[in-house]
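These notes open a run of structures that come right after.
In what comes next, chain A is part of two complexes: it sits with chain B in the first one and with chain C in the second one.
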Partner chain A sequence: MAVDELLAQFHEIAASPKKQLEKYLAQGKKVVACAPVYTPEEIIHSMGLVPMGVWGADQKVGEAKKYYPAFICSIMQTVLELGITGKYQGVSAIVIPSLCDSLKCLGQNWKYAVPDIPFIPMTYPQNRKPSYGIAFTKAGYERVISDLSAATGAKFSEVALADSNRIYNEHNAVMREFAEIAADHAVSAAQRSDVFKSAWFMRKEEHTAMVKQLNAELAQTPKDKGKIRVVVSGILADSPSLLEIFDKNEIRIAADDVAFESRQYRTDVPEDPNSLDALARKYANMDNCSVLYDRDKKRVDSILELAKRHDARGVIVLMTKFCDPEEFDYVPIKRACEAAGLLNLNIEVDRQMVNYEQANTMIQTFREMF
Partner chain B sequence: MFTLGIDIGSTTSKAVIVKDGREIVASSVVIATVGTDGVSDAIENVLGESGLEHGDISVTFATGYGRQTYPDADGQVSELTCHALGVHHVFPDARTVIDIGGQDAKVLALNERGRMANFVMNDKCAAGTGRFLDVMANILKLDISQLEVEAAKALHPAGISNTCTVFAESEVISQLAAGTKIPDLVAGICKSVASRAASLAKRVGVRETVCMSGGVARNAGVRKALEQELNVNIASCDMAQLMGALGASLYAYEKA
Partner chain C sequence: MSEEVKKQRPAPDPNSAKFKLGQIAAKAYSDCVEAKARGEKVGWCASNFPVEIPETLGLHVCYPENQAAAIAARGGGERLCSESEGEGYSNDICAYARISLAYMKLKDAPEQNMPQPDFVLCCNNICNCMIKWYENIAKELDIPMIMIDIPFNPDYEVSEAQTAYIRAQFWDAIHQLEQITGKKWSEERFQEVKKISGRSSRAWLEATACAKHNPSPFNGFDLLNHMAVMVTARAKKEAADAMETLLKEYKENHEKGVSTFRAEEKYRIMFEGIACWPWLRVTSSGLKDRGINMVTTIYADAFGFIYDDFDGMCRAYSRVPNAMCLELARDKRVKLCKDDHVEGLLVHTNRSCKLWSGFMPEMSRQIGKACGIPVASFDGDQADPRNFSAAQYDTRVQGLMEIMEENKGGN
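Here is the complex of A and B:
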């Protein structure tokens, strides 16, 4: 299949999560919603359930405002809004991790605002690397397994989880490969986003097969040069209006440090005879993310390294409005970029933005500086 | 060669004609913007002042809020790039440019060649912009041009919140009710805008010579307050509001 056809398929899936949900339900499968930022999808998958990401949508918030203060992340607000307004009808449960204060609010509000979709908490430890942290994570996973069984009747087995861990590791690898290929080939910012976004709405083995095909086709196309290369960082980078500005100004996303995108695929489940232990160790091994506690802020160096490795001329931070973890990290990122001679932009984004004029001016100016 | 720069801002339209990328031949500011006759009026004004006709203009570039939708330009360029070019043309030693316009504020860092090395824009908020001054002038029943006159009379500048235009509006009304004198209030309002702009400038880093451009630069009250906030002298000139259009005209020459 040609590259354009494949990219059109990714776009269709990325743009129609509802259609995907209905497709899986029609196949008799049970679907479990996975809230940001990291949920143990491997467990859900291993129990024969379909994990689908729920990261909100670009829309107005009405009903959900009853449950939140005014100044809170719009991703959380729109997830709850979609739940209240029945957009997740058919979903068997939702797993909400406790990785930031807003996510804790989402979980607690969900129980009352959307009582027909069971809320399953996933409580992660702050100190995830020591043995007691790994044990804590494992205990959290056991709670998720127990709640999933209660909500869906599905059974858990270590053998099935080992298989799912392998499937997710393979998916991680093809997504990492895609990010590298897209950095040098004719893939627009919007198309790149479609590939990452569609992953949230498909079973991973299906997505892996499609991305493998795309990678193979793209690798045969000529390299696409002449654009300004940047690293994009943030929680989300899926707004079509915003991505259009990147494309219009011939700015290529050479690499990303986006929670919705590459941060998901950096860490594989390690080899371990016990598959649940292995999954808990995966979480312990994860790093370089604003919601993963790190006293030394190694994420800053990882962004610089990403920029260096991909010949990026700058770092564009898409700052989700009212996202405390990202805002705390921005200061050292900005300072490090300046010290390294990398231009950096901080563009505020949220799910309710309709006017991107300011972002347009900033990105256009960035382009004109070269 | 004559080039035309048009700056379609959020409250005014500006036009500048430059000869051979050096000499400013004509300029115009019209208080009307996108969707009005403001742009065409500004162009007719500069053509009239220079004695030129449309056909004499080799290249036209648009900038500002309405740059993307203006159909008759040969190209468009961001207002930050234009302010950098315009200020460098007038003040070759400028290293920091503080541009406060009708609805946004920007600070640009220029290198020795006058090229932009870094920039920062305000958040999506009216505080610290010309809109803030408009709202406050309206409450005080003053024309915007009277603000600097009143500010100069202040003996004890009032403290005004610089966090939000809406909150500051109610704060000014409260202070009026409490008997605070108008000059003191106006000085406090100017200080509030200056404080916001100074915060932005510190994010980029302040290097002298510091210049101010944009419509708010015409307000000596804000300029002086900004000098105090940053503890530097700030250069400006009568053309401050025209720097964007001048930059667009210079950019047009570069691209010709």
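Here is the complex of A and C:
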């Protein structure tokens, strides 16, 4: 299939999660919603259930206002809104981790706002690296397993998890490869986003197959030069209007540190005779994210390193309004960029944004500096 | 903290609980300054970090949240918040953190100074915002960060897995601190600390429970001031003495039929949330002028740290406000409302505190229903004066009062 056709397929899936949900339900599968930022999808997958990401939608908030005050991020607001308004109907359960304060509240609100979709908490440790942290992660996973069984009747087996761990590792690898190829080939910011976004709405083996094909096709196209290369950082980068501004201004996302995108695919499940231990160790090995305890702010170094490795001229932070973990990290990121001579922009975004004038001006000004 | 209204008042009685509590708060700062001057390492400590650890080790620590509250109460909140914003911190970030990060840079605030830290003690049982705030301090000042992670507990009980995780971290923290400061953990001293903390806690619980009397022998705004000592100094002998004095005074007040609420108590409410420190006077007189006594807050329950052993201590720190699931948090409040014959609930929707405010609408609805009382909320902030409107506060309190009046069968 030609590159364009493939990209059109990714777009179709990224733009219509509802259709994907209906497709899986029609196949007799059970679907489990996965809230940001990390959930043990491998476990859900291994139990024969379909994990689907729920990161909200670009829309207004009405019903959720009865639960959340206005100063909670629009991702949480719209996830709750979609739940209350029945958009997740058919979903068997939702797994919500407590990685930030607003997520802690999502779980508590969910029980009363969307009582027909069971809430399954996933409590991750912040001291995730010592053995006691790994043991606690494992206990959290065991809890998720038993809640999933109760909600869906599905059974867990370590053998099946070992398979799913492999499937997820393979998916990680193709996504990392895609990010590298997209950095040098003719893939627009919007198309790049479609590839990442569609991953949340598909079984990973299906997505892997499609991305593999895309990577192979793209690798044969000539390199696309002459654009301003940047690293994009933030929680989300999927707003079509915003991505259009990137594309119009010939700005290329050479690499990303976006929670919805590459942060998901950096860490593989390590080899371990016990598949559940292995998955707990994966979480222990994860780093460079605003919701994972990071005394040394290694995330900041990792962003600089990413920029260097990808020959980026600047770092564009897409700041989800009211996301305090990211807001705290912004200051050290900004300082580090300045010290390294990298331009940086902080563009505030939220899912209710309709006017992108300010973002447009900022990006244009940024563009003119080169 | 002693955010006293600056009026000409007779010199306080040095034997009064209020005086003693004020002294303890002030001494915590001066002890820290002296320790630093002696060359000891001092720390900055999160309010709900297990105080037993620094206390047993004999470490001097000060509390950025207390400092930020003191700065805000004395009018410096906006200045320091703006300073942080100038550094690039969003004004959506908790104002305590903004004030503290500004103080780290300026190293001086006439409203309330404290020594710069040699290490930070972080515990996220009240919020994950704490982690980010302390990460930034530790990184910038290049000092050790002791991080005790007490996860938000989605369940009513504290699981064995959670207890084991916390226990391991407590020991890890103790060992790290021994290395950093050269001080040693002593089991004997811990037993003593535990005993004193228990004494303070029992006195506090009993004192705050005096609100069950009609009229209440105290003005609930007292609790907002005294709770700082409960949180940070409850393991000190002077704190236990002061809390016992407080209890004695409240009992005496009741016997004499007097109260620190200096108005006729017409209505009794529960106040939900952190005080609006920059607007303490306005928020307090908005109630008092209407004869509304805030008889209780969750602090009344929250700082009763009574436990038998090390594991009990681990569990106690999982049950602080903001670490509890909605149901447990609700039930504790419902009990307070019922025990103290509360007639209305006033909720501070605190822009600084996502976790405290993020499921409060639902929880307060449930409390209102369970207790058959009206609920009103107002927008504010515990330390950034820009996020509060006196007019809105007034309207909401008035509305609450009118319903309480109706419920009394007035009109």
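Keep this in mind: the second predicted complex is superposed on the first by the 370 of 370 C-alpha atoms of A that agree within 3 Å, B and C clash if a C-alpha of one lies under 4 Å from a C-alpha of the other, contacts with A are read in each partner's own complex, and residues count from 1 in each chain.
The rule is simple: a contact is a pair of C-beta atoms (placed from the backbone, for glycine too) under 8 Å apart; a residue touches a chain by one contact, two chains touch by 3 or more.
Predicted, not measured: the structure shown is a model, and the values here were computed from it.
**Student:** Per the contact definition in the header, classify A:P69: touching chain B only (first), chain C only (second), both, or neither.
**Tutor:** The answer is second: A:P69 touches chain C but not chain B.
**Student:** Which partner does A:L343 contact after superposing on A: first (chain B), second (chain C), both, neither?
**Tutor:** After superposing on A, A:L343 lies in contact with chain B but is clear of chain C.
**Student:** Report for A:F10: first if it touches chain B alone, second if chain C alone, otherwise both or neither.
**Tutor:** A:F10 sits against neither chain B nor chain C.
**Student:** Check the residue A:Y265 against both partner chains and state whether it touches chain B (first), chain C (second), both, or neither.
**Tutor:** Neither partner.
**Student:** For the overlaid complexes, name the partner, chain B or chain C, with more touching residues on chain A.
**Tutor:** C
**Student:** Does the superposition put A:M369 against chain B (first), chain C (second), both, or neither?
**Tutor:** The first partner, chain B, only.
**Student:** Once the shared chain is lined up, is A:F178 touching chain B (first), chain C (second), both, or neither of them?
**Tutor:** neither
**Student:** Going by the contact definition given at the top, which residues of chain A touch chain B in one complex and chain C in the other?
**Tutor:** none
**Student:** Under the touch definition given earlier, write down the residues of chain A that touch chain C in their complex.
**Tutor:** 66-69, 71-72, 98-102, 104-105, 107-109, 111-113, 121, 123-127, 130, 132-133, 135-136, 139-140, 290-291, 293-297, 319, 321-322, 324-325, 327-332, 334, 346
**Student:** Residue numbers of chain C touching chain A in their complex, please.
**Tutor:** Checking each residue of chain C against chain A gives 87-90, 92-94, 97, 124, 127-129, 131-133, 135-136, 138-140, 145, 147-149, 151-154, 159, 161-162, 164-165, 168-169, 172, 325-326, 349, 351, 354-355, 357-363.
**Student:** Given the complex with chain A, which residues does chain B contribute to the contact?
**Tutor:** Listed in rising order, the residues of chain B that touch chain A are 65, 68, 77-81, 104, 115-116, 118-119, 121, 123-124.
**Student:** Please give the residue numbers of chain A that touch chain B in the complex, ascending.
**Tutor:** 338, 343, 348, 357-358, 360-362, 364-365, 368-369
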